[in-house]
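Below you'll find the structure I mean.
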Amino acid sequence: MKHTKRFIWAQILLYTFVFLFSTLIGISNAEDRNVRTEINIPDILEYQTLKCDFHMHTVFSDGLVWPTIRVEEAWREGLEVISITDHIEYLPFRNDVAPNHNRPYELAKSTADALGIVLIRGTEITRKMPPGHLNAIFLDDVEPLVVDDVMESIEAAYKQSAFIFWNHPGWKGQQPDGIAKWYEIHTKLYEKGWMHGIEVVNGIEYYPEVHQWCIDKKLTLMGNSDIHNPISFDYDIADGEHRPITLVFAKDKSLESIKDALVNRRTVVYWNNDLIGEQTYLAEIFYQSIDIENPVIDLTERSSAVVQIFNGSDVPFRLKSQTADADVSVSDEVTLQPGKFSVIAVRKKKSASPSPGMRTMDLSFTVQNLRIAADKGLPVVLKLQVNFD
Amino acid sequence: MKHTKRFIWAQILLYTFVFLFSTLIGISNAEDRNVRTEINIPDILEYQTLKCDFHMHTVFSDGLVWPTIRVEEAWREGLEVISITDHIEYLPFRNDVAPNHNRPYELAKSTADALGIVLIRGTEITRKMPPGHLNAIFLDDVEPLVVDDVMESIEAAYKQSAFIFWNHPGWKGQQPDGIAKWYEIHTKLYEKGWMHGIEVVNGIEYYPEVHQWCIDKKLTLMGNSDIHNPISFDYDIADGEHRPITLVFAKDKSLESIKDALVNRRTVVYWNNDLIGEQTYLAEIFYQSIDIENPVIDLTERSSAVVQIFNGSDVPFRLKSQTADADVSVSDEVTLQPGKFSVIAVRKKKSASPSPGMRTMDLSFTVQNLRIAADKGLPVVLKLQVNFD
Amino acid sequence: MKHTKRFIWAQILLYTFVFLFSTLIGISNAEDRNVRTEINIPDILEYQTLKCDFHMHTVFSDGLVWPTIRVEEAWREGLEVISITDHIEYLPFRNDVAPNHNRPYELAKSTADALGIVLIRGTEITRKMPPGHLNAIFLDDVEPLVVDDVMESIEAAYKQSAFIFWNHPGWKGQQPDGIAKWYEIHTKLYEKGWMHGIEVVNGIEYYPEVHQWCIDKKLTLMGNSDIHNPISFDYDIADGEHRPITLVFAKDKSLESIKDALVNRRTVVYWNNDLIGEQTYLAEIFYQSIDIENPVIDLTERSSAVVQIFNGSDVPFRLKSQTADADVSVSDEVTLQPGKFSVIAVRKKKSASPSPGMRTMDLSFTVQNLRIAADKGLPVVLKLQVNFD
Amino acid sequence: MKHTKRFIWAQILLYTFVFLFSTLIGISNAEDRNVRTEINIPDILEYQTLKCDFHMHTVFSDGLVWPTIRVEEAWREGLEVISITDHIEYLPFRNDVAPNHNRPYELAKSTADALGIVLIRGTEITRKMPPGHLNAIFLDDVEPLVVDDVMESIEAAYKQSAFIFWNHPGWKGQQPDGIAKWYEIHTKLYEKGWMHGIEVVNGIEYYPEVHQWCIDKKLTLMGNSDIHNPISFDYDIADGEHRPITLVFAKDKSLESIKDALVNRRTVVYWNNDLIGEQTYLAEIFYQSIDIENPVIDLTERSSAVVQIFNGSDVPFRLKSQTADADVSVSDEVTLQPGKFSVIAVRKKKSASPSPGMRTMDLSFTVQNLRIAADKGLPVVLKLQVNFD
């Protein structure tokens, strides 16, 4: 009598009851919906660029989906690593869903394994400000954190070698003016080595002041979704929107390597069309993403030409020219569209009197949406050869 | 300590804790995602055309979302009436979610009220074939149906004046060849008046043989989603796809009027781009949807002209010409695109020798995707005035 | 031997050679591409809201398409009125295309008639700044304007009762800093009544200083595409982008009524998501577009509620709250999405102590993208009934 | 007085008048529209896979755009090689556009050079059936082909070492029943070596009988657009539609190599979602496009698993299973979505009793939309390792 009707894809993975066999054969249309869209951001240096979300909720606290859905959503969206971090202290569905802080991880693990998603056990310590909310990930067991005193709870995470980060410091629910404030308890956590990173981005919010803290205090930049709804309620996934993602530059996909990357601050936050992080990483991503189709241009028979540049990443690069050249002018603002060839126009100035022959030319730009600080875009240079007559 | 982090829209409706106030103000981006897209299918005769889904699941049986999500999905997609119909007998999450057959309705009701969605209490009686699965809706209490004997369970629904329909008779999980079979127990239910309708459409499946049964036996045509996943996993909502919908022609949105319409078979099934139902209703929908921009055309100075037709519905009408006219030929196949003006070309035949002056002309078409029987499209006529020289 | 191969839709209209008959029958796929998408902006006051573009080019000056294409593009995009305004003085293709200033109109007229597009004979007088470029429309014959002296040329237009407007005053090709300048000759034209309007929008450019001139000098606001390419090169029509459009509020679609509306300054410019014009017209458009689904809300049993508002126009309305109410707060910023129901959250303040019972409440907003001056949004009020306990 | 107003991109390339300089700087929005979208179909064997269209029209015969537009359209759509092939005999615009059969090539050449598009000089010999219409490409001069006798015209092309192919043999304008017929004159042309290929696809039409002719007579398969309108009228480019394309497998992009490939029949036609051609080429494209993410699957602890397959091409591959295996069943029909990871479910049969351990398994499929003959899909095999317990 335990028959269910419909093809539930998660159940291929969770359940292998015999009755399912006949069900699944031939329902190809539904399977055709199970597609994974890769996120195109290149690997850099000697690292893999892992797409991660370390903050999300399920019906085991105040989220609105079953834990396996978080894995499937991540798989569909091209993520590689997630952590389900249900609240310890806030359980509005406790009358219907039996409280169990390790349960989301346990329920989601086999789906994650089947789909190749790395699932990290985590939780959200959920207190009034200060210290506000903190996530602890890479836990072995959430239960020891379930204690009244917040410092004891965080210490319990620390003892399990967790990576601990402060969530949404500027959240209006706790900071009505939307400005993050650093309290004494944060200094204490920071000095004890109990707080390793901070969310500079949470959902639709970016906190520029927190960005500066991370630069100054050498804390790891984090950007996560904190999703409660089915993801498609908050992001138009089908139209190419994406949740906030923490890009982690790791040797491989093992838990050890991911933690090593986080501890050593090898992250960039991917938020809307922005990449937020250290200049080294942003520059690598930029130069690995683009390809100049025709780096040698000819201004001998014409006074202008277009340089075609392919951008292999999913991130549009919004260039603003910083070039001051005696002989040529270039497009003032150009966006290198993702997955496309875009063009930069190069024009000989009326006043130009270049020596004939081939000349190396450095075009300088700021990439406005690659932020090396809150208000500072990434400087880049495109190298051309220009032939004058 | 009961702080939650994020804006959860459902919670505007469910919870009104004071701390939420500051949260909600100013998070306008997230609110901008909360939009409802109307389904454009006209009201007909003296009825409202209600868009309904009477079959869906939540974590209270084997669905993968919280009950309120079903209401929000329906609101976003432009539905007006839903019933959550969790399985009575199949509860794979029973170790985590406390079994309670009335609970999904109770949890979802205030969200439904706040959003103006009509929520009908229902359940799915889930048995081996025969009789397979049946939905009972308009219940006062699901508990009396929780009995071993299936006839007793259905009788309990009948005693509550439920509307009862047979789900997915051709489901391969129970009919491996995909062909629906009518068993003795179905005759029994039918004759007792304990089965009022059948799903001719369930999710991605359409059962032509069931369509014919409904015509022959005067059973109500039903088409439902039977959704278990978040809806966007199975349908590209953002790209204009829609779940299967039962259109109900009701005097108003009261439970009584909806039930009256169902009992009296005033339904049409809206599945992909097809409308499936009785000729009367399909013809009304067609003629109420279209508008001929220029019904008087002039072939005095030219030998061809285009007739512009606006289709105000969301359904593309795929017309195939049945016109045999001595003087003119028309486009053989034309689709009247939804929400657009499309054109039909009318051309004077080489062999034509019409009398000069204005002539009334009936253009006959079959609308191939408006099915009055499994393999029979709706016949329609477009009336023009044509002026010959 | 004059056989062409392919179905060219324009040719249904232009040519009616016998051989075409057999061609056209049955090529339904291509016909399915011939759809017109309406622009949804309501009629206001006692007028029709005509969607117009009074500035465009073809191969008869420096445009890159045949004249009939301008008509077909306009039809597809939902425009009702256009004027082809090829340059008089600038004819780069003169070696291949025989110069003839009336020819674009003559070639396009029968296509316009067949599709129901109003085509107005026009031209562009193309001079150095000052006075720059001016369009003259509603001409009977372009040839008299072909004279050396610019004042004589404009006078020739005036003598034909043309409507004359100054094009793109801030165009960088003539004003390198992008700022429009008013010269003595413009005063002369203005005082003689030889210049009735100015383009406040041309293609991707909006000139705020010109907007103020129009307000101060009672000149007609114009916004046009000045399209040279096939339209889809410059606008992602398929993704819902639109060219700049002059909305004209006219008694009917006759040339007389259109000219009357232009002369009497009954226009609004529709540019990207902005409407630019007088408060009277913008307010009418706003209120005619929206519909409050549930204007009576109940805060007796809950402390917050959502007001559902349907926006029937194609323009998203970006509301910013100006409400200061003792008892309730509302969403600070909300966009009423086009063709959708959006929501505004209304929440009882913690400090509120309203008298019990029903209260009329005016919610004040500024619609930021409906510009009554360069930096001034339209003020609007939404009326609700709120029930307190 | 030679002022033009607007940014016309083609004119960067065509004209370099001084006045343009100031115009172009800063009009970055319009430049952002100038993007090229690559067509992802892999290079195969030792060849480049060139995307080509050898049949299109301009205002120099009965097309509706200026020649440079054909180059820009091709660049935007990711084509690499085109030929403008205006009619010799059919010149409906001769009163306005001075007849000149070499002119379209001359006008378009500098734009093609600037954008890196290979432009081939060609023309369409346009006669009654038989022999109908033929394209001659790789001409040095079109004028010698302008003679009354069709055989003389074709001979003139042959003498210039042209590649000659028969256009749209089943076009209803010449074959009212839509069925291609092979006439005596075609035998004559074929035996003389004056006809090297045939269009198996022209615009929206595919001729299965012609496909078989090409197989039997060793003629080169051609598929072209024959576009007359601006391309976006006939194809929803923005939504991912593409014109018919002849894929040419050439050593490099030189005219010699392209002609060598055509003469040696190294082509595949890319039409809607179909690839039409020889098994060798289709198989190479398929295997070069896909990548099995997890070719080793484990059925020791679960009875089903999903194989993830990445399809790097733009072509969806519609697989139909041909596997008959004693131990496992696989999804009956699966589409490998372009640019995505799709899944194939592999399930241990109830009746299975495999030996424990790792087993190599060949999954056989037919790719239904890769046509090696009119009604024959491409057979392919996916190799897995399956571990049983």
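In order of appearance the chains are A, B, C and D, and numbering begins at 1 in each one.
Just so we're on the same page, a contact is a pair of C-beta atoms (placed from the backbone, for glycine too) under 8 Å apart; a residue touches a chain by one contact, two chains touch by 3 or more.
Because the structure is a prediction, the values reported are computed rather than measured.
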Inset, instruction - Any chance you could name the chains that touch subunit C and subunit D both? - result: none
Inset, instruction - Determine the shortest chain-contact distance, in steps, between subunit A and subunit C. - result: 2
Legend entry - Centre distance in Å when subunit B and subunit D are each reduced to the mean of their C-alpha atoms: 40
Legend entry - Whole-Å separation of chain centres (CA-atom averages), subunit B against subunit C: 38
Inset, instruction - Find every residue in subunit D that makes contact with two or more other chains and list them. - result: 20, 25-26
Legend entry - Interchain contacts, given as pairs of chains that touch: A-B, A-D, B-C, C-D
Legend entry - Residues of subunit B defined as touching subunit A within the complex: 1-11, 15, 19-20, 22-23, 25-27, 29-30, 33, 57, 59-62, 64-66, 68-69, 72, 76, 87, 89-90, 92-93, 95-98, 100, 103, 107, 124, 126-128, 133, 167-168, 171-174, 176, 178, 202-204, 226, 228-234, 236-239
Legend entry - Contacting residues of subunit B [partner subunit C, same complex]: 12-13, 16, 18, 20-21, 24-26, 28, 31-32, 34-38, 110, 114-116, 293-294, 302-306, 308, 310, 329, 331-335, 337, 339-343, 345, 347, 349-350
